[in-house]
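Once you scroll down, you'll see the structures, which are given as structure tokens.
In what comes next, chain A is part of two complexes: it sits with chain B in the first one and with chain C in the second one.
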Partner chain A sequence: MRGWRWLAPAIVVLLAVTAWPVGRAIWTSLSTDPATSPGDRSFVGVDNYVDVLTTRTWWIAVAATLAIITVMVVLQLLLGLAFAAALRRMTVLWPVARVVVLLPFALLAVVSAVVWRDAVTTGFAAAWFRLDDLGPVGQLVAVSLGEVWRGTGITAVILLAGLLRVSTSLMASAVADGATAWQRFRRVVLPAMAPAIAVAVVYRALDALRMLEGPLLVDQPGTDVRTVPVLVWDTTFSRFELGLGAAMSVLLLVFAVLLAAALVPLLRVRRTV
Partner chain B sequence: MTPSVKSRLWASGLSFALGFGVGNYGILMIARPDQWLWIIASVVLMATGAAGVLYADTPRPVSFWGILGFEVFAVVTLVPLLWTFTVATAPEGADPQTLWPQGVSWRAFDGAIGSDILRDAAVTSFLVSGLATLIAMPLAVAAAYGFVRVPARGKRIAYGLVIGTILMPVLAIAGPISEQLVAFGAYGSRLALVPAALVVTLPLATWLSVTVLRDVPWPLLDAIRADGATRRQVVRHFAAPALLPGLTVVTLLVFVVGCSDFVLGSALSPDARTLPLPATLMLASGQVDDSSAAIAAAGLLWMLPAVVLLLLFPRRINHLLGRSYR
Partner chain C sequence: MRCAAAVLCVCLAAGACGADGDRPGAVPTLTWYVGPDRVDAPALAATCTEQAGGAYRIAVEQLPTDVTTRHDLLVRRLRAADDTIDLLSLDTSFTAEFAAAGFLAPVPRGKVGALRAGIAQTARAAATYDGELVVAPWFMDPQVLWSRGNLAERAGLDTTQPISWDDLVAGAQRLGVTIQVQDRDGSGLSDWVNALVSGGGGSIVTGAGRDAEVGLAGDAGRGAASTVELYEESQVGPGPSRDALSAFAAPDGGFLLASVSAVADPALAGVSGDMVATAYPAVGDTSVAPLAGVGLAVPKHAPRTDESWAAIECLTSPELLRPLMAEAQHGASRLATYNDPAVKGAFPQGEVARAAVKSGATAPATPYWFQVVRALDETWRPTAGVTQDTTPDTSQAAVEAAIEGTLR
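Right, the complex of A and B next:
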């Protein structure tokens, strides 16, 4: 148990700042607790969960969030793979590419959301592609694309590291044996970079799940389509329904756990420690 | 390995067709000055195609798929950045409608630098993230040493907790943390943000430190210890060269990521006085009309430290972020 002497401080602090609030969220979610009238707190059991899970808004939000996650991850993976494959061949340009590839990630998500929204409502994209009056859903698509843009670079970096592990001699023998491009991709490239793809997908999917700034920015009162994080935010910090908000927070955590539980075995993420 | 003639011709054909399409759309549908950008893109793509045909049957080690991919990569990455710059430099009262900036005015940058609210917000961000990073780093390095070097039962579960916290939607615990702060009577003070910021900095620092420590040549440490090196010699000849550069970059990266946290900052601050910068920008976007220029300018200025970091240690950062899954 000598190792725990090294691990204990960090793990204890980590548990204090995460497990404690999660426990508190579960406790709060079992009572009604409107922050606007602190005296009215009463224990209601699982009523908050029943309330959330029986509303149409919640399930629309879950469906919208899942759709956004799927599209974002697929786009980032395809673009990231294409860029990584291109950068792999352009070794001369690496000094520049290394910097450029991570530039979008350095821009704050709020700022990227604002400029992407402006681009499709009043800006150049509206003028170029004759978009007029997109509405909330169109703006949600725009800010999600902004988030795809922010995340593609880091995805490409992870995938490029995976691509560099593809053995050149194995590739040369595959070419010599007359393997087609698809066979080379399927039999030589994919097995070598599978761990990188797995990490990229899990990381980007959970990052897409917690995307908040963009959807919050384009959220308008009375819209039908909202994402789960926006619902949590609205309930907890705009309407101050703490009990209901805590129930939604717990469900958001469950959502994240289910997503990870679905992706990790599917992609056979390797254990590293 | 030289690509085959067929593959090069395909790349050239696609590149040429793409350039042709871009050129036509640009000339027919786009107004100046953006039309020039479309024409430049079209010319570059068609030139790539032509060069591809010329070089298709030569032994030169150049990949035209690579060139085409790099051109698309450059456009996709740089166009939104150029647009951010255009929004930031738009003249007062005008919504920019072209990608190329027209009538560059620096007033939004002046405003961002001179604004007291933004300066306070930046100080809050730096203070909170800096303190959270300083607290997290020693814990993280110790934990990373434990993860990499020392056997311990349940180590995998502990590492799972670290990774889980990195990937967790922080929003889900923002509500309970703010309630807890209200209960402690600490709601609304800048320092109260520091423990919450540890949710972001500590797991990230641990994870990146594990990556750094895994690449360290540990047999060297065993060897110099066996040769009877003093503690000072161990620090001077082993720790400083093998650990310091990597851990410095980790510290700076964690600090930058901590600075860009939005959720906790805006959830835990009741008024504008204690809001960190990302949260302040979000608030401004809802309350101030015509705020886009100011937000874009502040965002570009906020990018500078990260860009400097990226320019100083490009290889190390790419290595750290790319190889972290191994």
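Right, the complex of A and C next:
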């Protein structure tokens, strides 16, 4: 009982900043609520959810978002692992390198998105690769790659923490036992790194899921492919359809929960040695 | 620590004092938010400040040029009960939405008659919502057909009567010149489509609620799409464009569909002396020009509404409407201004503009017009892809979804 008393303030704050807005969003999602036409506001039950879930636009957005998450996480993992392996071998430059690798992450997401969009529309990438009007989808790919560039450093640092957990004596034993490089990676490195990989994957996947700045920057009227956060933004803050936007944001929250629920057990540490 | 406390005290004291205008005896400052029109707002503000004799002072703030950015910014600020806007230059296309949302302070009963008197019927309708005058009509800029020198004659066009789109396109092709369509702030396409549909005897939206009727899939909508298709197939221009004025001033520029005030734009300084205005091209027998303008409104949460309405009385007075037409080349909503001798010489396109104001098409009075504009942009752009077989139907579905508030 004494423990609860200490926990109570934290729980109250958590409820205030999480449960209240989520509850409010759920309540709003049960109405049609045009912000600039209060006379047309009415309770519609789950109609907004039915509307969203039966619309092609929504599922295209879900597919695009999932594709972006997958590609971004895989690229960041591979690049981050390569960087982490290189960083681990550094000696003299190590103090500088660990700061440099985190520099892209210090940039605001919107700044990175502008730079990467401009690179493929009017900048160096357009000149080098002779790109001619990539269109909104091409620009979406560019800003997603920009987010990969921005997030690779932090992924590398997380993976480096996992790599440092690999026991040097265990590795020496494996080499002495004649284990191949692949066997050493699978049986020695991966089990030690698994918690770090799990953190990196879940963190980067949820970060990619809520990515808004880049896709919003390259969004154009009539674009067929939009991400879910952009669709939520557009409906709520440009169309000002608050009920529909709230329904989408609740579904986005469910999407995030499902993603985390799928990734966490998938990446659970298993002892293979 | 003491230093920090002192700084905090100074900040709190400054905050408690508030702005200069809040001090007893100080002249209250009215902040007037203006759009991207050609009005010399600081000069008008200075004149009204002087005429007020210390009752108020007007400070001018600029709203964004892009219509979407301007609309979204105003909706967010007014919905958040922003009380720092005393006066607002409000696009006529926003009027119904802002009035329905309850963003606007009511026009004082005693001023309604004076604000309505002598106003063009289209401008009065654009300033009215649900039977009530909600903003003070100020100016209404119709679009006209601009040409350079005697180009229209050389193209074989009879400018004494409305020119049909077929003849205009054929004339431009014959001379190898372009037909530019102005899109100054992002509303060019919707203005164009609205005028084409109205010219064909239809209406994009009829009614104000969620169950409003959409008229794009009918004959008028197909006629509008067919005109856009004709324009695109003949390759006489890029469609609504923000570079239309400079393209018109280029050597191959021939015709320009733009507001009457376009002649005052710096981009046309080199050719403005040679520009001739004629009626907007006709879809059927009559010319229906796109009509857009500005009304003056007082937001609901403006703190000094009496002074705000006094300032509006000043800004809409005949003395200040004169420079609005003679210098900025905007067509005043008060038609008597067209007859002012000082205006007549400085506003040569007056007769064409007056006729266009009387017969033109404003944005339908629905709170969902801005959603309709977005749906039109999504289904009619790029204009090269418009066909009379498919565009009206897809656009009808998109506009219906936008008004019903559903995802498409």
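Here, the second predicted complex is superposed on the first by the 266 of 273 C-alpha atoms of A that agree within 3 Å, B and C clash if a C-alpha of one lies under 4 Å from a C-alpha of the other, contacts with A are read in each partner's own complex, and residues count from 1 in each chain.
We take it that contacts are C-beta pairs under 8 Å (C-beta built on N, C-alpha and C of every residue); 3 or more make two chains touch, one makes a residue touch a chain.
All of these numbers come straight from a predicted model, not from anything done at the bench.
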{"item": "Broader residue contact with chain A after superposition on the shared chain, chain B or chain C", "value": "B"}
{"item": "Which superposed partner A:Gly222 touches (first chain B, second chain C, both, neither)", "value": "second"}
{"item": "Partner chain in contact with A:Thr57 - chain B first, chain C second, else both or neither", "value": "second"}
{"item": "Touching partner for A:Val46 - first (chain B), second (chain C), both, neither", "value": "neither"}
{"item": "First, second, both or neither for A:Phe237, with chain B first and chain C second", "value": "both"}
{"item": "Partner chain in contact with A:Ala67 - chain B first, chain C second, else both or neither", "value": "neither"}
{"item": "Chain B versus chain C as contact partner of A:Val137, first or second or both or neither", "value": "neither"}
{"item": "Touched partner set for A:Ile158, first chain B, second chain C, both or neither", "value": "first"}
{"item": "Partner chain in contact with A:Val264 - chain B first, chain C second, else both or neither", "value": "neither"}
{"item": "Touching partner for A:Val199 - first (chain B), second (chain C), both, neither", "value": "first"}
{"item": "Chain A positions touched by chain B in one structure and by chain C in the second", "value": "237"}
{"item": "Chain B to chain A touching residues, read off their complex", "value": "1, 7, 29-31, 34, 63, 65-70, 72-74, 76-78, 80-81, 83-84, 86-87, 95-99, 139-140, 142-143, 145-148, 150-153, 155-156, 158-159, 161-162, 164-165, 167-177, 179-180, 195-196, 198-199, 202-203, 206, 210, 256, 260, 262-263, 266-267, 277-278, 281-282, 285-286, 291-292, 295-296, 298-300, 302-303, 306-307, 310-311, 314-315, 317-319, 321-326"}
{"item": "Residues of chain A defined as touching chain C within the complex", "value": "32, 34-40, 51-52, 55, 57-58, 221-222, 231, 235, 237-241, 243-244"}
{"item": "Footprint of chain A on chain C - complex, ascending", "value": "68, 72, 75-76, 79, 97-98, 100-103, 209-210, 367-368, 371, 374, 377-379, 381, 402, 405-408"}
{"item": "Sites on chain A touched by chain B in the complex", "value": "1-7, 9-11, 13-15, 17-18, 20-22, 24-25, 28, 79, 82-83, 85-90, 93, 95, 97-104, 106-112, 114-116, 118-119, 122-124, 126-128, 130, 146, 149, 152-154, 156-158, 160-161, 168, 171-172, 175, 181, 195-196, 198-199, 202-203, 206-207, 209-210, 212-213, 216-217, 229, 232-233, 236-237, 242, 245-246, 249-250, 252-253, 256, 260, 270-273"}
